[in-house]
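For reference, the structures are reproduced in the following blocks.
There are two complexes below, and they share chain A, which is joined by chain B in the first and by chain C in the second.
For the complex of A and B:
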């Protein structure tokens, strides 16, 4: 099916951009959410967004974007990958993150339960301290900040969804564009019918629903509902969040995409 | 009737109708953002106190803004009472009531209540509801008991059925064309008598147009006689003349209503020419 259709550039906004300059330089703070399930890892998308925030281009998914030298700083705080993971994967995007002074990384993965949160059954103070550490690294409000897999804290510690939302808000207040990347596997993590507040799915569902009510842009990655296909990895839906952007409009669109063996990404309109 | 309902909606949106607590029930498919914008648009010169549990950016229309994430309910109430305007109407917007536990919600609302205040609270209906061991009602139910006006917001979706939409949203696959400036609004207004008025509208906040929502009636299947042609050698269709004649046939029941039923419910038997009736025979009486 895909071979008959023309390949498309990925865009999020009606000005044909992925991260508009108006957003990075605005007075208001915005939240975007990238959700995925097992089998549709958003690594290629995060790498492209890091590239476009740092230098304007997104070489893997959009050939039209122009290079803007020293566009903005980027901070990535990941609860699921170490620094080397991003350094290695972003080489495909023409980035050397190990020596890029605009790029900062907070490793919330390697020593999460050995140093950062030493007592998961009483974790609130440690988690608050960890997020305070991240907030201190947001030195410039025009920074694009990516928090990957913060929901890990909900199922691995005793903190509540409100505690986590409060800490994410602290970060969002200090930057103009925050991306939260979260898994939403059904029914393990997301289940609207859950009623037990101690249940992992209750905490995660409550967290994700409330987070979506703060969001301006939702990016959903899903495998094909019809089953596995050799030439299609999944679908990506770009939709408006609960709070609209003031100066730009979201270009709502549904794509299907294919991540090839050599990590190229092909996108087609659905 | 329909005119009255639009007038009622306009009066509520411009805070002219006496109603002290507006409850807005929204969802991931259609947020309360545009409805609140519409209320603000309709209520100029209003003192607006914005209580934020999840909003990061202070809205431009807010006269006062309080970040409630680090404040106790008592301090929130003190802040509100100290900022109530004595000259203008005061609208207090709570961006989300979901962060207040159900056992504290009535006390919280009571503390904010004031004859000079119109309270507007948003409740996100998609948040999971914790099961309670007691028979005490959950937050959403309690709020619907207290509210004097309830706005239920739903998206206008043409492509997906309600079931498909819920299926997608419940797995957090947010489809396109949601959270739009045009939406469906179910208004429940409680009168002082206790009577509830319920109307459904289509709201377009881009043009500020409100119209009554009309349920699309299922179209009657049109008799297509072409389908009956060439099926058999018999003629299954009717000509225009035959159809006209068929429509003019007076059905016996209808005829009976006109001539006989006019006698006020009495049973009337009209003898026909072949009836053999003997007046002296008591068993001959047909009744």
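For the complex of A and C:
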């Protein structure tokens, strides 16, 4: 399949961009959601978005984007990976995050349940304090913020989906563009049949549904429904969220993509 | 008139390096093959990527640790990423993980459906492999940490496979012959015996038969470089001598997950302090099995923080620590959020799916003349270390099968056996009356 079709550049908006400059300089705050399932980890996409936010280019997925020096600041808060993971993987994108002054990282992973949230059965205060710490780091209003796997707090602590959404909104109000990266494996996490509010599946389903009501751009990564293919990793769907962007328009589209062992990405229209 | 060899290009550069391609850049020599690496450029596409990352050098402290780790006899570089990698103790499992083992700083979850306990074979081999690395020299190269079980568990660790009964007999005879005794000396000095092998070789040399051992040794370059990397274990043998306090530690399950993490962390810290090149293998057999774990531990506020904190430790001690765990899917099916979270948190996941009774009968029937080919179940790959995290689709369902024998746990490509129901024999018999 991949040999017959021409390779495409990944774009999210009708102005052929991934993060428009209008969005980063606007007064409004936007939320985008990146959801994925087992087998389609979005590492390559997050790295490309970090690159776009920092310097305008996205060398792995879009060769047309032009370099804009010191475009915006980026803050990543991850609940599933340490700082070294981003530093190592972003080298492919030509970024040295260990020495980039525009890049900030909040480690919500290494000592999450040993120091930051020491009592998961009564965690509301600790979780609020953790998010306050992230909000304090959002110093530049033109910042793009990435929060990876915040749903971990829903699985492992007693906080409700509303508590988590409240904290994410706090961050979003302080930055121009917030990306929430979450897994949506069905039926492990997303299960519309559960009715018990204490159930982990109930909490994560509720969280994702409510989050989608606030978003402006939704990106979904899934494996092929037809089964495994050697030259295709999965599909990426770009769709509008419920709150529209003021100045730009989302280019709704579906691609199929292939990630190789050396982290090269090829995209094709579906 | 001059003659040229067939493969030589007329008018070619006389100084060209043999084996170089015709469009090679002059003055560039071919990439030297690093011993121990099967393919030096494996996993790299032919074209150079448009944006090459700037070269960033690791800090001297990190380099020192990596150098120390690479001196450990139980460590070799991954064939994909060149990261330091340890063997799981099962050669075929090492192969399907694609790195030729489990990269250090990563974890493996073995899920198993049904009421069988094949996962324990893999878990025990993982522990035995670590302890075997302490038996190579006087150095303590590895330490095993068992979570949730008592020292009794280690009494069932498998011992080394010493070969088939015939091979063992041969080895015993050889050992006897090597001893200094009057009989052996008399036999050694008598002429015909010394030259006994020579007449065979007189004929064999023409056919290159006597070259065989040399070729074999060249072919297994990688095995020779990392000769102590992995061992073959015999399930019917016990590991002798058994593990001692230097080899293994036990951490009981308590109702506070932070205490468990703290204990693991304390042991790791002490062991690494004593020898920064030491490998630590954490073994967690039967996670959430009610016979090991009290009911309170099944709460999401216990088990999720526990596995998440262990992942944090893995990343903190990414040059020394590895984790293996097993989970019974009959207790927590793959649809449940417990298994879903485990699959997210662990770096690599495999699923052992034993055949049902009908399938087992079919395979037994198909391989009735070759009982050694009978497989016992499927091995589904769900996650592979490093590659799955990078976004590669590594889910392989129903592509591999396993068979557990006395001498090893084998994993091979799965193919549906052809059922020979004896119809051909019936067809071969003529039904017509052939009396004339």
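Keep this in mind: the second predicted complex is superposed on the first by the 270 of 270 C-alpha atoms of A that agree within 3 Å, B and C clash if a C-alpha of one lies under 4 Å from a C-alpha of the other, contacts with A are read in each partner's own complex, and residues count from 1 in each chain.
Quick note on the criterion: contacts are C-beta pairs under 8 Å (C-beta built on N, C-alpha and C of every residue); 3 or more make two chains touch, one makes a residue touch a chain.
Predicted, not measured: the structure shown is a model, and the values here were computed from it.
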Clash or fit (per the criteria above) of chain B with chain C on chain A: fit
Partner chain(s) touched by A:263 [first = chain B, second = chain C, both, neither]: second
Contacts of A:167 with chain B and chain C, given as first, second, both or neither: neither
Touching partner for A:183 - first (chain B), second (chain C), both, neither: second
Chain B versus chain C as contact partner of A:212, first or second or both or neither: first
First, second, both or neither for A:112, with chain B first and chain C second: second
Per-residue contact with chain A, leading partner among chain C and chain B: C
Arrangement angle, chain B at one end, chain C at the other, chain A at the vertex (C-alpha, nearest 10°): 120
Closest approach of chain C to chain B (Cα atoms, Å): 14
Residues of chain A that touch chain C when the two form their complex: 38-45, 59-60, 63, 80-82, 84-85, 89, 91-94, 96, 98, 109-114, 117-118, 120-121, 152, 155-158, 183, 185, 187-189, 200-201, 204, 223, 228, 232-234, 259-264
Residues of chain A defined as touching chain B within the complex: 28-29, 31, 35, 162, 165-166, 169, 172-173, 184, 186, 190-197, 202, 205-206, 208-210, 212-214, 218, 220, 222, 237-244, 252-254
Footprint of chain A on chain C - complex, ascending: 43-45, 49-54, 56, 80, 257-258, 261-262, 299-302, 304-306, 308-309, 311-312, 315-316, 318, 334-337, 339-341, 343-345, 382-383, 387-397
Complex contacts: residues of chain B adjacent to chain A: 28, 31, 33, 54-57, 69, 96, 98-99, 124, 126-131, 170-180
